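Both complexes shown next keep subunit A, but they swap its partner, so subunit B is in the first and subunit C is in the second.
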Partner chain A sequence: MSNLPPHILKAFEAVVGPDNVSDEDFVVNCHDWMGLGADPSTRTLLGKAPAAVVMPGSTEEVAGVVKVCNQYKLKFKAHSTGYGNYSGVGTKGSISIDLCRMKGLEIDPESRMAIIQPYTTAGELVSEAHKHQLMCHIIGAGPIHSPLASATSFVGVGVAGNHTSINSRNMLSLEWVTPEGEIVRIGSSGSDAGWFTGEGPGPGFRGMIRGLYGAAGGLGVFTKIGIKLYPWAGPKTLEWSGPHPYRGTPPPENFATYQLDWDNWEDATKATQMMKNSKAVAFINRMPPAAVGHCLTATNREYYDLQRTGKLPDIATKANAVGWSVTTMAWTKAQFDWNEAVLNKILAETNGRKMDISERERDILTAAVLTSHYVARFNRMGDCAGVSMGVLDSINLIPEVVKRTNDDIGDKETKAGGKMMEVDTEQNWMWLSEGRHFWTENNPASTRSFVKNIVACVDFILSSFISNEKKPLGAALFVHGEASDLFGPKLGHPNKWMRKVKNTWDPNNLSDSKHFIQPEAAKESKAWPIAKKIFFHPWGKPIFRKILTKEFGKDDPK
Partner chain B sequence: MSLEDRIHNMEQCNRCSQCKFVHMPKSQEFSSICPSKYQSRFHASSAGGQVISAYGYHNKLIEASPKMIDSVFACSMCGACETMCKSHMGDNVEPFDTILEFRAQLAEDGKVPETLSNMVKHLEQEGAPHGKRDERSRWAEGLDIKDARKETVDVLLHIGSGQAYSEKQWDNLRFIVKLLKSAKVDFGIAYDSESDSGGLAYEIGYRSVADKLAQEWADLVQKSQAKTLLAISAEAYSAFKNVYPRLNKTLSSVRVLHTTEYFEELLQQGKLSLGMKNTGKVAYHDSCRLGRRSEEYTPWNGEYIRVLNTMAVTDTPRKVNYGNDGNYDAPRQLLSRVDGLDMVELERTRQYSFCCGGCTGVKETYPEMADGAAQELLREAESVGAEVLVSGSSCCQANMAAAAKRSNSSVKVAYLFDLLADSIQEGA
Partner chain C sequence: MINDAFPLPKFVTFENATIAKEFLGVSTENSLKVQGIARPEDEQQVQQLVQWANEHEVTLVPLSSPSGNRRHGLAGLKDAPFVVLDMSKMSRVIHADGEDAIAIIEPGVTFPEFDAQLQKHNLRSIKPFLPRASKSVLACYLEREPTTLPNEHWDSTDPLASLSLTMGSGESFRTGGAALYEDLDEALKNGARQMMASGPIGTDYTRVMLGSQGTLGVTSWASIYCQRIPSIEQGFLYGAEDVTTLISIVRHLALHQLGAQYFMLSRVQLAAALAKDSTHFAELHQLFGKDAMPAWYLYVNIASRDVLPEESMQWQLADLSSLVDTLPVTTISQQYPSYLAELEARLSTPSKEFYKDVPCGTHTEVFCITQMSKVANLVNLAQNLLADLSDVQVGFYLQPMIQGTNCHLDISLFHTDEQTTQLADIEMQLVKVLADNGGFFSRPYGKWSEDAFARNETIVPHLRRVKDIFDPAGILSPGKLCY
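Take a look at the complex of A and B:
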């Protein structure tokens, strides 16, 4: 049980009703669980449990809860679906505002948009949008995350991005409970004119609330947004083939899915530009071969048996080191034929080819790009991962990014005997975004079960950031929390603006900002320019690893 | 197996929440799959939440408060979470197995709600969660059924406590007997020597009671020399296929079938012919005990090893259950034999079915939970235009029918064999 005085619990209960507040250990612990060890720790329970979980059912109740937090100077953090509890609660003893009672979903087909609340999941939005021949952007986290959380608070890149952009740009008008509990509507809903635009009346706000990467809980609670939807030429309900969990989606009428392959990324990039220019291909997605292997298999054992006996299908091996899974989409047979003809011409001109894939493989690749269902199998490979900087920039950078990530891990931890999962190729997950942009992050899987592995992960993360800092490779997006002050100066100082916004809207620093930005830069960040030179010098590395090992060893409950 | 043995699996839970949702929902309204989370809303009552609680409890980081005990035992053990978790996580997590061990630990520590522990006490004394042992076969009086304790039979019926003691259910038991007789099946029952399968005690967490009941029944089956064990109750059917292997009890001398499978077989073999007519739109609800929870369980006692530097795999191959091999087709085939019947499918079917919330003592202990889940199913049936919602489990039928009465639902709830009995045309 938390130490929250009964009168404060009563104050929350008065706002949301007694059934919707709990300070029981078993309840608050669930908001302390680190599902994917991206917040480096050997632990699953982080020891930062909130004092209570409060579940408001409306915007007014959210405002009421935030006001109680302000009254008693309690930190709080919004929680939509809490996928992976990726950014955790952040501060022990804060209030977790769990928005699972707020499931509003309204499709406005005329304006090609939806109005959603925090606990509408992407899977639900996809299904409802399809009924109106529309689809939403769906990020790699899969169908269970909250598109509202993604759009307002957390990156927003995703598998379908070539057709559906990025959630930071899909966000339209917005309803917001500020860190002090005021209800604000920004954009067209602010003047009761609907939810179709975020830019005015008044100033545009997307940059203001998102900073570099998303508000990550540090700027109050977002309760409703308009979100852009995109045309969908498929059926009102997706068909599924194959037994669970090998289910796939047969490409609907006038759709086709292929695994494309080139000899090198230079040719592949040229083809990518041509595919973009021609618009012959709607969805362009790259899962690294090992991840494809995990999508095609149900258990690690099944994957491993195929891998060690050389029986993995080609698309799950280095035979598919350079390539995209693509899906074309057309409204008519004529358009379908045109897509095919253009794609074949592009392949001919760039020395590309369609790999042989079985129907099952095709259907699973289609499901992965249309629903993002199987990306989460990445979690099966390892319970933690190194994450590179994450590049959102011009597609011209693809060859260089792959080369750099190959160099980053190629000679290190992903070979036999290393400390990250042994794989054939780099682990870049890439998907295209609108315009000429693509997103990639290099994610070698690992395990947090052993201190040495988590140390290797941290080393990998920091090394790849530093490499990007030394020789910039486009805008790095995973710069958040304390990292904003370490790496922000090389990225046009977003940290300065984020801090200004934070301090203006949240003068009492109550909206938990661990993953956004702290009101003041930490002392360590001032020492960082020198510290990094020492620790990341080849001579300094062993010392750095020793320090980390000691730190995580202390943390290790086993 | 114990909670200690499950630490690796617990630590693999990535809090993705897939265990709360169907694989790919057809609508937002019917996207939930966990009746317990659906009602309480706190993550703690989902499977992922129970895994975290089990981990905290095992590591002595949290205590079993009365609210935690309620949260754990308000779960209907429907197994949907396990099926859904395997959408991505393979056998890494298997939350249902952790829930089973968590309950066993809580039972050992004396942390079980009184209603449930009383049911188990009654099971120990009378072989049933309620009712007296010497009244178990009252339903069969005057039916002239062979006594499988004294005579050999081809088919041994297991009635189940729910139907044996509920007078309301006796008509359909008699109908089943009538069908068996008209198909000239050589069958018998164990009269008052039949006891509960042991499944209920196992799921509540009382391993030794479950073991004793299961052993008694397994011995009786063995002795009877029957070739087929015919389960009338979905719960017993599920226990024979899914719980007995966990208890190392073997029923290998018999084929275990549910009545829906057996009658469909008789009809296919032409040993039974039923002229059936009924009109109306009927939706079939896949009860979890007849569906995903009836998949045959194969014990595995290996370990996880690390390969490819870091990846955890089982050291030996094992059969993993995905919920695909439940009894889904036989009930539908039986219904499709009724002339004029217009079958519609619910949005959540087969291994993705939503549980009615009535099982494992939830109806008795947390009636509002069982009612809430059943109301959700009634709404689902209404949304697809069904007039009748049919269940192959009399326990689910009773729970959903009571809910329909409470909410004045336009949907009628029927037990499959009741509907078949009502459909038989004169002269058939």
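Take a look at the complex of A and C:
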């Protein structure tokens, strides 16, 4: 039980009904665990249980709950399907506004869009969309994620992005409960014209509150959006093959999936430009070989045994270090044949080849890209680190991005085979986006069970941000929260403008996310320009690691 | 206000009100309270000028097109003194990359100038429907004017990506990928192409600036997506009596991702698009009636893909035919190939005069966006409302947007100067009818904005906060929107 006074619990009950408010330990503690790790530490819980969980069933109830929070100056944070630590409240004792009762889903096939609420999952949306020859974008969190949350609040990228873009760009009109509890409809829905566009009248207001990264719950609650859907030439229901947990999707009629391979990234990049400009490949993504291995195996033990005995299939080893998984999609046999011919011609001109893969492997790769079903499996290796560069810029940067992640950032401590991870290539997840640019995330795994791993991870993440600051290779996406003040100055001070937005729309600082800018810059950010020169100098790093070891050691139960 | 109490800026070319009026295309007797015209030549001068305007409380109205009829640039301005910020002297195409199909340009670049530079990189600009030759490319995109390539229109920010801005406060800011480097030359040398609109971090101010009608910031350069020139392309002009027949083809084009350019026109709008002058318009109008030409037209341009282009044309044409052959559609491009040829010539080479002013000397227009499923009904409602208008020709242009998710509905009343006043009421009646039935005025100019903001009063205080953040002294184009 929390220390929340009874009259405040009553105030919440008056808005949502007594069955939809709880401060029971088992409820609030469940909201302290968010699957994808906690803050950098050896803890598995965030250590920030909310004081109560409140479950509104409508936008008006959300607004009512936020107003109660404002009345009693309680911090709050929206929660939809809850994939990672960013879903939890930012501060112990906040109110978790769990949106699980709001699961509306309406498809408008003629306008290629849907209208959804926060608890509609991507799995539900794509299943309905397929019935209308449409599909939705599914982010890396997989079919369980909330497309509304990813569109309004957090990143929104996924491996199918070449065909289905990014959810922040897929969002159309939106409904927002401000941090002070006002209901605002942005774009066409604000004029009762429907949910088909997010801009206007006049300026695109949503650009103030969404951004590239998203406010991650730091700017109120989003309750309903229009979302764009994409063409789907496949069947109304996906066919599945293989026993659980090796479930795969045989490529539907007029689809084909291949694992393509080159000797070097220069050739692969040339081929990538050709594939992009030909539009013959709908889905093009690269899972690092170790991640492919985790998709193909059911358990860590199975992966470990196969890896140690050298029995992993080629696509899960260094043999597949330079390559793409591609899936073509066609509406007619003639288009399918052209896709095949184009792919073969590109491979012939760029010294590329199709790897031999089994039907099971093919089906799992297909499921991975069409549904993001398997992306989360790479977390089985551990979690913690994740950086990005090369974000949404020229495909021609790919070789340099891979080189940077492979050589420049890694040192003895953090490179593949070092203290942080034991795999044989860098861990770049890459995919094309909108047939224009590419995205990459270097996500080296690390167990969080040991302080030395956490330290190596933090070192790695900050080193990569600093490296990208010196010579940018696209945006370093995972700069957010308090790090905005560390790395913002080199980006033209977006942190300054974000802070104006935060303080304008959330004057009481109640919308509680540690993944968005804070009302005031942390003291450490002032010292950062000097500190980074000291701590990331070769002789300063051991000192930095010692400080981190001491800091994270506080959480270590061992 | 400009007066003798402070000196005019010396860091920028500054000219008097007479020259400013000439630039605006109004007579010297016009009561417009324009005080002068400032002509910056680089970003630093823009920033200095905005800071100067803040210091001396001078209102600036940024305009980018070097000449021509300013349809929206002055609409809705407060009746107060202002200085024109003429951005047309900044007219460099800074960079173009054929492989990534992206370029960086300044505000004064026009479509013909842009295309001339892009051609060297096997690129061409993504155009709105028949812009005048002197139209600023950047201004078109900043206004969210729809382009004729809906399948390349992923999001409402397209084809714009990053912007280099001077906010109304005088502070500089770069959006998206442009924020990564301070030095643009260094960025380009290192392979960065400023391809991202959103960001950095928690900002997406490209999106905010679009549609702001110059009230929040001034853009000095921007990265812009372009179209790779296909090795083979073939245009078609289909005609039908019922617009819904053509809408069903448009849905197919969007779903199967066929075609590069496509849009729909009514018979009058097609005549306006093809007309060389008012006499020619009258002739075409008469001829179309005599030949019993269909009421509605769909232009589609099928473009080859980069690899195996001939083969790519074959399957695309077969796919298109599989639907068109089943519908009550006339292939006008077969019957009257000259109409297709003339339309394509107009599409690729902008004319000096804006096409809507050719038929009768001037025009009144109303446009909104809606959904493909609602647009036929809006057309009907507009036709009913305008049925009794005499001596005015009414044309319709329907532009699918955002890969078929939206549709721009553009209604033009072609008329003489003398008729302008008497059509003011019908213009606002049309705005109301459209807005009452699912038309959304995302780009509300002049009088339309009152209706648009009355329909969403809750957004108004939030937009005013945006204005306070970016332009706290309110020096940029006051009165144009709800602030």
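Keep this in mind: the second predicted complex is superposed on the first by the 528 of 558 C-alpha atoms of A that agree within 3 Å, B and C clash if a C-alpha of one lies under 4 Å from a C-alpha of the other, contacts with A are read in each partner's own complex, and residues count from 1 in each chain.
In this section, contacts are C-beta pairs under 8 Å (C-beta built on N, C-alpha and C of every residue); 3 or more make two chains touch, one makes a residue touch a chain.
Please read these numbers as outputs of a predicted model, since none were measured by experiment.
Student: Tell me the contact category for A:304 with respect to subunit B and subunit C: first, second, both or neither.
Tutor: first
Student: Go through the superposed model and pick first if A:247 touches only subunit B, second if only subunit C, both, or neither.
Tutor: first
Student: Looking at the overlay, does A:33 come into contact with subunit B only (first), subunit C only (second), both, or neither?
Tutor: first
Student: Per the contact definition in the header, classify A:211: touching subunit B only (first), subunit C only (second), both, or neither.
Tutor: It touches subunit C, and subunit B stays clear.
Student: Using the touch definition from the top, say if A:373 reaches subunit B (first), subunit C (second), both or neither.
Tutor: In the superposition, A:373 touches subunit B alone.
Student: Inside the complex, what are the residues of subunit A that reach subunit B?
Tutor: Its residues touching subunit B are 1, 20, 22, 24-27, 29-31, 33-36, 44-45, 53, 55, 81-85, 98, 100-101, 103, 105, 120-121, 123-128, 142-144, 237-238, 240, 243-245, 247, 297-302, 304-305, 307-308, 371, 373-374, 376-377, 379-383, 413-414, 416-423, 445-447, 449, 453, 557.
Student: Provide the residue numbers of subunit A that touch subunit C in the complex, in ascending order.
Tutor: By the definition above, subunit A touches subunit C via 108, 110-113, 133, 165, 168-170, 172, 182-188, 190-194, 196-208, 210-215, 228, 230-231, 273-274, 277-280, 331-332, 334-335, 337-338, 341-342, 345-346, 391-397, 400, 434, 436-437, 471-475, 479-480, 484, 488, 491-495, 497-498, 500-501, 504-505, 516-517.
Student: Considering only the defined contacts, which subunit C positions touch subunit A in the complex?
Tutor: The contact residues of subunit C facing subunit A are 97, 99-101, 144, 154-157, 172-174, 176-177, 179-182, 187, 190-196, 198-213, 215-216, 225, 228, 251, 254-257, 305-308, 311-312, 314-315, 318-319, 322, 369-374, 402-406, 435, 438-444, 449, 452-453, 455-456, 458-459, 462-463, 465-466, 468-469, 481-482.
Student: Across the complex, what residues on subunit B touch subunit A?
Tutor: The contact residues of subunit B facing subunit A are 10-18, 20-21, 23-28, 31, 41-44, 48-49, 52-53, 55-57, 59, 61-63, 65, 67-68, 71, 83, 86-92, 306-314, 317-318, 320, 322-324, 351-352.
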